[in-house]
Amino acid sequence: MNESTFLQTLYHRNKKCYQVFPDKHATESFIDDLFHLCFVPKNNGLGGLMAIQRDYADLKVRFQSIVSGFLPDAKAIDDITNQFFEKIPEVYEVLLADAQAILSSDPAAQSLEEVLVAYPGFFATAVYRFSNVLWHLNLRLLARLLTEIAHSKTGIDIHPGATIGHSFSIDHGTGVVIGETCILGNNVKLYQSVTLGALSVDKKDATTKRHPTIEDNVVIYSGATILGGDTIIGHDSIIGGNVWLTYSVEPFSVVYHKSEVKVRDNNPFPEPLNYVI
Amino acid sequence: MNESTFLQTLYHRNKKCYQVFPDKHATESFIDDLFHLCFVPKNNGLGGLMAIQRDYADLKVRFQSIVSGFLPDAKAIDDITNQFFEKIPEVYEVLLADAQAILSSDPAAQSLEEVLVAYPGFFATAVYRFSNVLWHLNLRLLARLLTEIAHSKTGIDIHPGATIGHSFSIDHGTGVVIGETCILGNNVKLYQSVTLGALSVDKKDATTKRHPTIEDNVVIYSGATILGGDTIIGHDSIIGGNVWLTYSVEPFSVVYHKSEVKVRDNNPFPEPLNYVI
Amino acid sequence: MNESTFLQTLYHRNKKCYQVFPDKHATESFIDDLFHLCFVPKNNGLGGLMAIQRDYADLKVRFQSIVSGFLPDAKAIDDITNQFFEKIPEVYEVLLADAQAILSSDPAAQSLEEVLVAYPGFFATAVYRFSNVLWHLNLRLLARLLTEIAHSKTGIDIHPGATIGHSFSIDHGTGVVIGETCILGNNVKLYQSVTLGALSVDKKDATTKRHPTIEDNVVIYSGATILGGDTIIGHDSIIGGNVWLTYSVEPFSVVYHKSEVKVRDNNPFPEPLNYVI
Amino acid sequence: MNESTFLQTLYHRNKKCYQVFPDKHATESFIDDLFHLCFVPKNNGLGGLMAIQRDYADLKVRFQSIVSGFLPDAKAIDDITNQFFEKIPEVYEVLLADAQAILSSDPAAQSLEEVLVAYPGFFATAVYRFSNVLWHLNLRLLARLLTEIAHSKTGIDIHPGATIGHSFSIDHGTGVVIGETCILGNNVKLYQSVTLGALSVDKKDATTKRHPTIEDNVVIYSGATILGGDTIIGHDSIIGGNVWLTYSVEPFSVVYHKSEVKVRDNNPFPEPLNYVI
Amino acid sequence: MNESTFLQTLYHRNKKCYQVFPDKHATESFIDDLFHLCFVPKNNGLGGLMAIQRDYADLKVRFQSIVSGFLPDAKAIDDITNQFFEKIPEVYEVLLADAQAILSSDPAAQSLEEVLVAYPGFFATAVYRFSNVLWHLNLRLLARLLTEIAHSKTGIDIHPGATIGHSFSIDHGTGVVIGETCILGNNVKLYQSVTLGALSVDKKDATTKRHPTIEDNVVIYSGATILGGDTIIGHDSIIGGNVWLTYSVEPFSVVYHKSEVKVRDNNPFPEPLNYVI
Amino acid sequence: MNESTFLQTLYHRNKKCYQVFPDKHATESFIDDLFHLCFVPKNNGLGGLMAIQRDYADLKVRFQSIVSGFLPDAKAIDDITNQFFEKIPEVYEVLLADAQAILSSDPAAQSLEEVLVAYPGFFATAVYRFSNVLWHLNLRLLARLLTEIAHSKTGIDIHPGATIGHSFSIDHGTGVVIGETCILGNNVKLYQSVTLGALSVDKKDATTKRHPTIEDNVVIYSGATILGGDTIIGHDSIIGGNVWLTYSVEPFSVVYHKSEVKVRDNNPFPEPLNYVI
């Protein structure tokens, strides 16, 4: 394929895409500014309430612009915009409770402000909660794009279709994966590299519940993997680090990985340990 | 060292560097725009083919500018630019096959468009394939910089010198590491936190094959680690989650980590599990 | 809560925050430019020493602006600014030694320049070392914000309060977590997904040493987890991949995870391995 | 004065100025955007009414920011902002009548839209009318700055303190000067390089009426100069090109400059005419 | 009219305008970049021919975007774009001859480069010549907008419908006005504040020739005014400064304003001269 | 000439120009920022002296960059930069005296700040004085470009080679032209549309004194034209509006244009006055 044919190809493929693609950069700055307006004020407060009203009005117009490409007409754009923004105050209150849960459970957190400004788990949760509203408004590609933006910034990959209760917290978070049909109760806490995944590989099973249910007050430590749509982690359980679990456990369970560690206290080092990665 | 001496030091060190450093920000926006031109069109299609031609011409000029700092003369700049851009149509077709492979194997993926716009594994693969061309044109620092940019955005760290066959897919992807001398066949699928690493630590062995070979149709689940230049994973094998492997396995192997998990169904919690991280 | 009440709520909450929040975007571009001035020169050297002096003066003014919101008066702003910038030359020299350590120990690294421009471990270390100065100047929220910025870019989460000796190196790095009260000696090397965490969960224990001590010349391979404030890894030890350790080991120890891996060489695949994540 | 002393001098002078100077660039983009919102819409209409509300809210916040430097407190800022914006709809209607007057009297004007987008006389009139509101709100330096911005763009210099009736038109306009205490009636039309100036030179006379009065339905052709606070041009008069007038004329007067022109029909050219400028 | 009604009014008025208004800012940067590409190269030449091709392709796309609002369909946009750009090489050559004429006739001009970069008369002429092409392609509002942009920058107001021969020059230029139906021959030179205007005021006469004809090799000095559609200035004539002319003169005429100047060599000053403006 | 040939032509012409052209946009923002640093502070004073030092250092680097294209080597660039910046404090003081002269002589000026921020005559004078330094450093094209920038913004065209004494003031200013070899004494005041021009047309006379000399304490009213290298306006003279003068006058002269104005007090209007322009 020479350059001229290649550019023709791009042109014809791209034309088809204008109807379905949200603008990635516009979407990224939209969610960033929505998050900042709610939790991390950007300016010095001079404009006061007037400035907040202006910024909120601006977010609405930008949202209209983002969704305009893949909705049929101006009325649909206005309806979706109104439905999304009507939900924001409610989502905001749920998120403040999430932030409070992080503050309560992490000894290193010194203030609610630190949680808002410097906890990637809080940011990923916020983007998930906004995206989940869009998912239920049937803006699925936009919802997925938003959680991917949060994934890119935080290493935390929450599917917008997942169901997560209140007072949810993630600490550190890099490597966390939460699948589409997960159901999480209230007061769940996850550490880094936790996977809540599926067992079914068949594309025809895409609409069934493929991911686990985590009941209230469960803590899951770093590196744990829980798989399967029928797997239920009973409430008030603790799942230890690196555990690999494909079946249900009762409420109040404590699950831990029995790891055998060998220590050799004298040198020279055994050769197979001298690797680099 | 006082401020004045410090700035002098920076000045003398930096002067030396102008010959060897690609401009990080220019490189970042170059690869971002190249990816978008090929897969995620940015504008509303008004300019049509003319706009695509303009954008492609612009990418060429920006590429020239990026490589101009570390090539000897205008002719070398033009030659490298032409060689790189001649390869792009071919890389584009290979990447469309990668996207198709992701769509086929992930039940959560709803359309090819979703894969193009919202799968970090696809983005990292694309940047790797473009970088690999540069690696073979001997622009090694630039190639490395590009894959580091993808690493920063996706948590997926693929060395530009690696060899990867067609229909390659990575899901979620955070924490994936693929070393310089890896050889991957066709239809390989990786999940998050997979490491394909080396065993040799000695700097003098830097030019030997230090990383494993993965044959066709292999799936490697999350958290698996495969190490060593002589390690070959035979075709049509499955490597389970958290497996740690430093030797070869036959074709059609199924390898899984035999994990012992203990469950205690009554509280109070044993003290050593009450940790935070 | 209707829109009007919601915006009033944001207004009143945000007003309180102006005194305590550093501007996230200004902080992000500040640390990025400081890093580039020191290690990855951006322009073509034309302006020479004059340009470096100008850029350094610019960084000072921007630093003043960032800290101005949460310091009482102009004198405090000037004092903190001077104290921070006086430390920079010293931090710079320590960081060059870190870069040299990475170059020496990684066979894939081809030049010091590659380390400076394309190693996320080096970037995260640099941001940590600058933040650590701020932590000791009692600018704790700003210090935390800075390391979170590095976490977002690299997947490496180092608390600014941690203590880390010279010639420190991290390779790949995605998923690394280093807690607030960790103490690391000299010549420590970490791979991806290493966690150095705490065992205590009680908020009242926030001021005690909750994270481990790693002595000189220790290497910790990918996926290893070391927990607890009393845990000491003796000097010249090697901690293998995926090891989970909650107690001390002697100097010159070699610790490895005894992993049982099962291989079945004939198909059909056992059902429970056919999962997706 | 060496550089160090010079910068100290600037610092001390400038500090005094922060209280009294509106920000020139912010002011320039404010008036430009206010004019465009009212008369020359910038975008493609997608955002609809919502976008106009947002832009108007934005203009208010920016106005607050511009005046914040030289008003005593937040209440004064809010009051002035409200008073100015309450006047805008009224000014808007007067300006539409001005545009209509231009369209009616200029055979080259093809549509009202052409007048709005491409007549510098209309732009200068619009800026004058907005500035005149500010002048009467006692924001005199800001008002002056605004008309200077229009002067710079159009070559038309109207003092914000001047009084001008409805249906006012200026054609071409370069070089027009209208002084502070001028009073112009309705349906006045001016051509380029018309000066309406003062006769008094004494600083102590700064508060008296120093500039002429032009009654309704007067046309003043290019290059005419009319001077003096007691000079009254009676209604329905015509003032010819290049007229120099320092006394009053009756209503329905026609005033013209009796110019003697000499023509010599054969060459060579007389030397004193061979000049360049 | 309250604010809400006012914004509704703007909304309804503006909606009507989207079909007819070219975007003022896009137009301004388009003509600026076209002028610079042709005469005042902006960059350092690195990109070479490739960069010029890219910039030219970019100008085409931007032109398409500017005219897209007021043309019926994609085909019309493409046709107009192609017709305009096909004329550019020819216009370019005529403009180089204009620049050469300025260089030859102005003793202060030291090089052709100085004329290209620093003569407002040359810039205004260039914009006029480009606009004149658009005028004849029936893009009249766009053509007018372009000459108004040049008017704003230079104080020189040339109507895009005027007809001007080759080797045309304007020196200084502030205040020059050239009307729509003027016809100027070759080698005409104008100084600042020259008006070539109309005598007819009636809107119904808008389509007749209302402005004068200036034949070849005429020089018109500063402040001269020539009016009327039947007025013809014969070739090789000189029109002196401040002349006011409403009738034709023969070829080789020399026309000068017989100005009576009085000098009083002793003080005190007569009161009527002590004016300010 | 087809498009391909045309772009080749531009490429070859432009290549030649890179050595001689200052970058117009960089030059424009340089002079704007230099003016603002000296007279109209942009920010809110937070950065204090440190910010001024940074901005001054920045101006030096940008000046280096502007002149780098047409100077032979780094040493020449440094020398010219130092020589120009050493002159700035002195020019600054002369300009403050100019501003004071404007304040004293214009009854409409209410404060020194108004003069600095809103008098185009002051801006044009400032740019002239900076350009005059460059003219004498032999950077003639750059000096001309700077005064053209001021001409474009203010309509005031002062040649950088002119010689102008202290306490110089221009009011309104649109249309003022001051030629290259003019010599103006101290306390000279000009109004709008004053021309100080040449009589010689011959290119070979380009190096002789072609423009007039204006001695101390002279006022020249609007529209006056004074021509010729031998023309000397004696000190303490007044030149009235619209005067056309090509010979010298004694000190203490009062020169005025004896204008005959006819008034007809009854209608209908005589046809020849019913013109439009």
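In this document, chain identifiers A, B, C, D, E and F correspond to the written order of the chains, with residue numbering beginning at 1 in each.
The definition used in the following text is that a residue touches a chain if its C-beta (ideal position, glycine included) is under 8 Å from a C-beta of that chain, and two chains touch if they have at least 3 such contacts.
Chains and their UniProt names: A, B, C, D, E, F = Serine acetyltransferase.
Since the structure is predicted, the reported quantities are computational estimates derived from the model, not experimental observations.
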item: Shared interface partners, meaning chains that touch subunit A (Serine acetyltransferase) and subunit C (Serine acetyltransferase); value: B
item: Starting at subunit A (Serine acetyltransferase), fewest touch steps before arriving at subunit F (Serine acetyltransferase); value: 2
item: Same-residue or different-residue interface between subunit D (Serine acetyltransferase) and subunit F (Serine acetyltransferase), half as cut-off; value: different
item: Chain pair, B-C or A-D, that carries the greater number of C-beta contacts; value: B-C
item: Cα-centroid distance, subunit D (Serine acetyltransferase) relative to subunit E (Serine acetyltransferase), in whole angstrom; value: 23
item: Inter-centroid spacing, subunit E (Serine acetyltransferase) versus subunit B (Serine acetyltransferase) (mean Cα positions, whole Å); value: 56
item: Residues of subunit F (Serine acetyltransferase) whose C-beta touches two or more other chains; value: 48, 53, 105, 107, 155, 172, 174-175, 177, 179, 192-193, 195, 197-198, 200-201, 210, 222-223, 225, 242, 257, 275-277
item: Full enumeration of touching chain pairs; value: A-B, A-C, A-D, B-C, B-E, C-F, D-E, D-F, E-F
item: Touching residues (chain side subunit B (Serine acetyltransferase), partner subunit A (Serine acetyltransferase)) in the complex; value: 36-38, 40-42, 44-45, 48-49, 52-53, 56, 85-86, 88-90, 92-93, 104-105, 107-108, 110-111, 113-114, 117-120, 153-155, 172, 174-175, 177, 179, 192-193, 195, 197-201, 210, 222-223, 227-228, 241-242, 246, 257, 259-267, 269-270, 273, 275-277
item: Touching residues on subunit F (Serine acetyltransferase), where the partner in the complex is subunit E (Serine acetyltransferase); value: 1-3, 5-11, 14-15, 17-18, 20-25, 69, 105-107, 140-141, 144-145, 148, 151-152, 155, 157, 159, 171-172, 174-175, 177, 179-180, 191-193, 195, 197-198, 200-203, 205-206, 210, 221-223, 225, 236, 238, 240, 242-245, 249-250, 252-258, 272, 274-277
item: List of subunit C (Serine acetyltransferase) residues in touch with subunit F (Serine acetyltransferase) within their complex; value: 46-48, 50-51, 53-54, 57-58, 60-61, 64-65, 68, 74, 81
